[in-house]
Amino acid sequence: MRVVVCIGGSVLAPDLDPRRVEAHGEVIEGLAAEGCSVAAVVGGGGVARDYIGTARELGANEVQLDRIGIDVTRINARLLIAALGADADPKVAQDYEDAGDALRRGDVSVMGGVMPGQTTDAVAAALAEYVGADLLVYATSVDGVYSADPDADADAEKYGRLTPAELVDVIAPMSRGAGASAPVDLLAAKLIERSGMRTIVLDGTDPDRIGTAVRRGDHGGTDVVP
Amino acid sequence: MRVVVCIGGSVLAPDLDPRRVEAHGEVIEGLAAEGCSVAAVVGGGGVARDYIGTARELGANEVQLDRIGIDVTRINARLLIAALGADADPKVAQDYEDAGDALRRGDVSVMGGVMPGQTTDAVAAALAEYVGADLLVYATSVDGVYSADPDADADAEKYGRLTPAELVDVIAPMSRGAGASAPVDLLAAKLIERSGMRTIVLDGTDPDRIGTAVRRGDHGGTDVVP
Amino acid sequence: MRVVVCIGGSVLAPDLDPRRVEAHGEVIEGLAAEGCSVAAVVGGGGVARDYIGTARELGANEVQLDRIGIDVTRINARLLIAALGADADPKVAQDYEDAGDALRRGDVSVMGGVMPGQTTDAVAAALAEYVGADLLVYATSVDGVYSADPDADADAEKYGRLTPAELVDVIAPMSRGAGASAPVDLLAAKLIERSGMRTIVLDGTDPDRIGTAVRRGDHGGTDVVP
Amino acid sequence: MRVVVCIGGSVLAPDLDPRRVEAHGEVIEGLAAEGCSVAAVVGGGGVARDYIGTARELGANEVQLDRIGIDVTRINARLLIAALGADADPKVAQDYEDAGDALRRGDVSVMGGVMPGQTTDAVAAALAEYVGADLLVYATSVDGVYSADPDADADAEKYGRLTPAELVDVIAPMSRGAGASAPVDLLAAKLIERSGMRTIVLDGTDPDRIGTAVRRGDHGGTDVVP
Amino acid sequence: MRVVVCIGGSVLAPDLDPRRVEAHGEVIEGLAAEGCSVAAVVGGGGVARDYIGTARELGANEVQLDRIGIDVTRINARLLIAALGADADPKVAQDYEDAGDALRRGDVSVMGGVMPGQTTDAVAAALAEYVGADLLVYATSVDGVYSADPDADADAEKYGRLTPAELVDVIAPMSRGAGASAPVDLLAAKLIERSGMRTIVLDGTDPDRIGTAVRRGDHGGTDVVP
Amino acid sequence: MRVVVCIGGSVLAPDLDPRRVEAHGEVIEGLAAEGCSVAAVVGGGGVARDYIGTARELGANEVQLDRIGIDVTRINARLLIAALGADADPKVAQDYEDAGDALRRGDVSVMGGVMPGQTTDAVAAALAEYVGADLLVYATSVDGVYSADPDADADAEKYGRLTPAELVDVIAPMSRGAGASAPVDLLAAKLIERSGMRTIVLDGTDPDRIGTAVRRGDHGGTDVVP
């Protein structure tokens, strides 16, 4: 089985706590030990947001801000690589080909962002398609896709199951307006739709859920099933 | 004044006719001669579509298809660079920083696609933001943004003027379903919205319209005004 | 056994027909399945010629034309990689070291042109030498080396067997004058002479001949035997 | 006049405060406006230390820790580039040649770390030599070189003036033992000695001191005069 | 006027004597001071031959030997760059585009070899074409093109003037057999024929001849005139 | 067992004698055949010194001189790679990650210098740490670390055993002053101290000592034991 796991920066390293990174590493090592081929895409989290905030005040444009965000995701990727030790390709994959190469050699591959204009959510969806993954997991800071932002709307209901097309329909209106956020961004949702990739969105603050989701499909989040 | 022009591959080189490429080059040379700083982003057109069709039948995945498309856009960029001669940076810019560098040195910069998952439409929007363009022009195969695909719907009406947010609203429903096409794709529209970039969508089969649009804002297409 | 196959662009993808590319891929897969180590060098064909013709009219110089040709050969290489699927290194080798690396790991390696001033014929000859090939096969649009251009001279006779030095002597006069063409170009012939590489020139429009030539040395073309 | 300024990460962005970065940018812009050719080398500061601490606990080795540190210095460099706007080369220089190139074109160049095993202190000293600087300024968190660590030893006395050889003699014993720190590290001091570069170590928490030091040689720190 | 000068390694640095390199640098500086745009391509000379001899005995193949030769030419290029100081692009150009870029910015550009299979003679001919040179000068260890190797044949006669086609005819037979040498190699001669480049072959052991040849066309060597 | 061997240029190829390089290759092949994972770092030797001397007279600065030195070390690395044949990664590793990659795949990896400001001695120490070596061997032109330069001081005594901290103490005073030389340079010694790496300094003019030292710890040089 081949899995791409997208781990939000705020989920991997909310405060650079090594035990959290270690826990994520252990889940991936466990999957690899069972013969699963795993690639991880790591987000930027709070450090990225802080740097981007400062750079924006200094007059950086959006492409420059994205570059800073990408740099931070790649440092976060180095943390996960350190936690994975001998199982992982020691280089942060710079593009899909690098990551595919590492998987072909039997390594776990870890990457961050790639190019301005694409979030790590979208990178994970494109990578899943590129390496022919059986499953794409978003380990994020909410426990699934809701009908509305659960932080803002107490009546928001979690979807247990969506088709990729429904995912796009749910996400599309969320991705308008400044500061909009969503558990998976619109470009990612559209790439999932394009490839018909089986996808799970789950609460990544408990890394063990990732392992359970891959092994038994049991995760308490949202299943996106083509 | 600084302008980014996105020239569709089917508009630049529908059948690799050098006179068409030459005509586009002359418009850009004219603008440069008047002191305008110009970057061009070139699409893939029919050659890209043919190669992608073949590769898809051979089992290539979407990321690989995008790579082929990007390669073709960069060859098209070389044609435009040849037409521009001494005015242009002789290298195809590989990313936004390369293009920005060339503009800072006073050259016209030409680029194609950049990364899988992003069309040249989106590249042009990101580049316009990165280089602080005053205007972004899409020279495409229709003469503006319509309420529906004018090829399919005889009642489609052309918009004379839209806000970036309205552009996103018009484009969003067009970008669903296989084979969907639009004069500007959704990621591009969202980048235009993010940056509040002044944008024109016009009929690029007559290259002179590009010059007129830049100089006098007179173009017969759709104005996107923040 | 280790083989380098040089497949002319017009032989691999005369009209971008996927079945033709597929057929070439199957021959290579068959050889690889028998334990043969295979590298392929792919030419530019008609698409390269069309682009080069247009670029020349636009005033591009010979180095720029070569660059365009190289880009097209690399797209053609992507087609063959797609056809080969899991057997091939998914990256187009950019130089001899890349290709050698892929062969060492047990992959089929595919490359196109490398640098202006060198045709893919010469690249194949240099690659064969670099990877210590036992055999170099030119799958081209004629069925061997003739005493004169068989298209132009009805009395041209096909050589069944030549030494590398004789190959150079036959090729040298053919490579003078505008529009000159030869089944293997002069630089390639000289590299074959330098390395004393066993070489076959055969009709590549029937891909099966390549397999037969490698397995049984039976091919209906010209044998170059040091 | 040509100056290389090494700005400690903790001095440039102790808490990612944009005003502090802005203030440093203004000093450099002021010097550039007066015709001074300026390159800046930026350190890692607290963010680097935090990441390195986490990675060390995860089992990363020293080279990997250095890589993380380098990545952070380059993000800090992006902040300073954003503050400098049009005066600076928008790319973070990756090596001495890149930085030299930018200075030759009249840009301010900003770089961070370069390779594991070399601090930004040493990078600045090597860069100063490479670009033929007239002056090298270390803007750090102490106001000069003391006879002992002023944080630990109340009797430490500040040197007003040292020769490069004396600088090495003072620094050498400081650079032993875990957690050792010094206002300029030993490799840097030895590079200063090798090139005989005029150098000033000053309190960088007040960016204006940098400008004063360059213009009038008045800075309240330590002068290293060959 | 734009000139490409190809300086044989044995002519530039027969024994690494700095005065010889300095003398070549002064000729180029003189031309540049008169407004001439100059690119130099430097050969490998004795150091290259020594290393290649050793590597051949160790079993390196021809491509690996060429790589070693290229590395040496690039070190020789660094010597000439050091001699040229501020006039030259401090980076050794790695390909034609790099060299063209440097000339466009008004720098002297220096390069060595580029790819296995191409000598620096051929690189110079391709570069001359790429940058649109008015003149290509080969500064070599003989004082022109002879009817036979003057070292071996006392009756060899120097040609005062040849057409490019005649040059190819003279060179072709010289370039057969092991250890063959010629003042300009066959691939270079064919590139000169292809581009119709005006070319001079002269005695480079006296660097001043290069300056005289460029300024007055007076050089005592062989003129190749299309 | 994993070993990094640093072979001085003057020890590997004092006069480019292939037998000497071959002898070094055989020692490494022997170790690899016994299952030892080996990386070699190769110095510059006499060729580097000659080129650097010439470039210094031509006015090159220290960074440029280091670049020349690095280029020569990499050519020397190619010689050793040729000698090693199929056991070695055919590419010269350009950084620690490349070398680590090759070792992970089971290849012998060979590298030279990396960046200006770091000798190959320091590169070897950093590489040993990066790849988690069990042992670092300096094969140099003296048979160990002495209390003073044995060439200059007849009373110099060889140390049989030192701690890393003692090594730094012994080396530090040697590394002052122009033309200073030491069997291991100061930056390397400090990296050895940082990592607590077991290290042997031995007479590399007899390559067999390297094999004996690795296998039996018997070498007649100096042991550095943490």
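By written order: A, B, C, D, E and F. Residues from 1 in each chain.
One rule holds for everything that comes next: a residue touches a chain if its C-beta (ideal position, glycine included) is under 8 Å from a C-beta of that chain, and two chains touch if they have at least 3 such contacts.
Note that the structure is a prediction, hence the values are computed from the model and not measured.
Minimum number of contact steps separating chain B from chain D: 1. Shared contacts of chain D and chain F, meaning chains that touch the two of them, come down to A, E. Of all residue numbers used where chain B meets chain C, over half belong to both copies. The two sides are thus made of the same residues. Its interface matching that of D-F in over half of the contact pairs by residue number, A-B stands out among A-B, A-C or B-D. With every chain reduced to the mean of its CA atoms, the largest distance from chain C is reached by D. At the far end from chain A, in terms of centres built from Cα atoms, lies E.
Chain C and chain F have Cα centroids lying 43 Å from one another.
Averaging Cα coordinates per chain places chain C and chain E 30 Å apart. Chain A and chain D have CA centres that are 36 Å apart. Work out the mean CA point of chain C and of chain D, and you get 54 Å between them. Looking at chain F, one finds that residues 64, 90, 105 touch two or more other chains. With chains as nodes and touching pairs as edges, the resulting graph is of another kind, matching none of line, ring, star or complete. Of all possible chain pairings, those that touch are A-B, A-C, A-D, A-F, B-C, B-D, B-E, C-E, C-F, D-E, D-F, E-F.
By the touch rule above, chain E contacts chain F in their complex via residues 13, 16-18, 21-22, 25, 47, 50-51, 53-55, 57-60, 64, 67-68, 71-72, 74-75, 78-79, 81-83, 85, 90. Residues 97, 100-101, 104-105 of chain D are the ones that touch chain E when the two sit in their complex.
Every residue of chain F that touches chain D in the complex is listed here, in rising order: 61-64, 95-96, 114-118, 122, 126, 129-130, 132, 165, 168, 172, 175-176, 186-187, 190-191, 194-195.
Across the complex, chain C meets chain A through its residues 90-91, 105.
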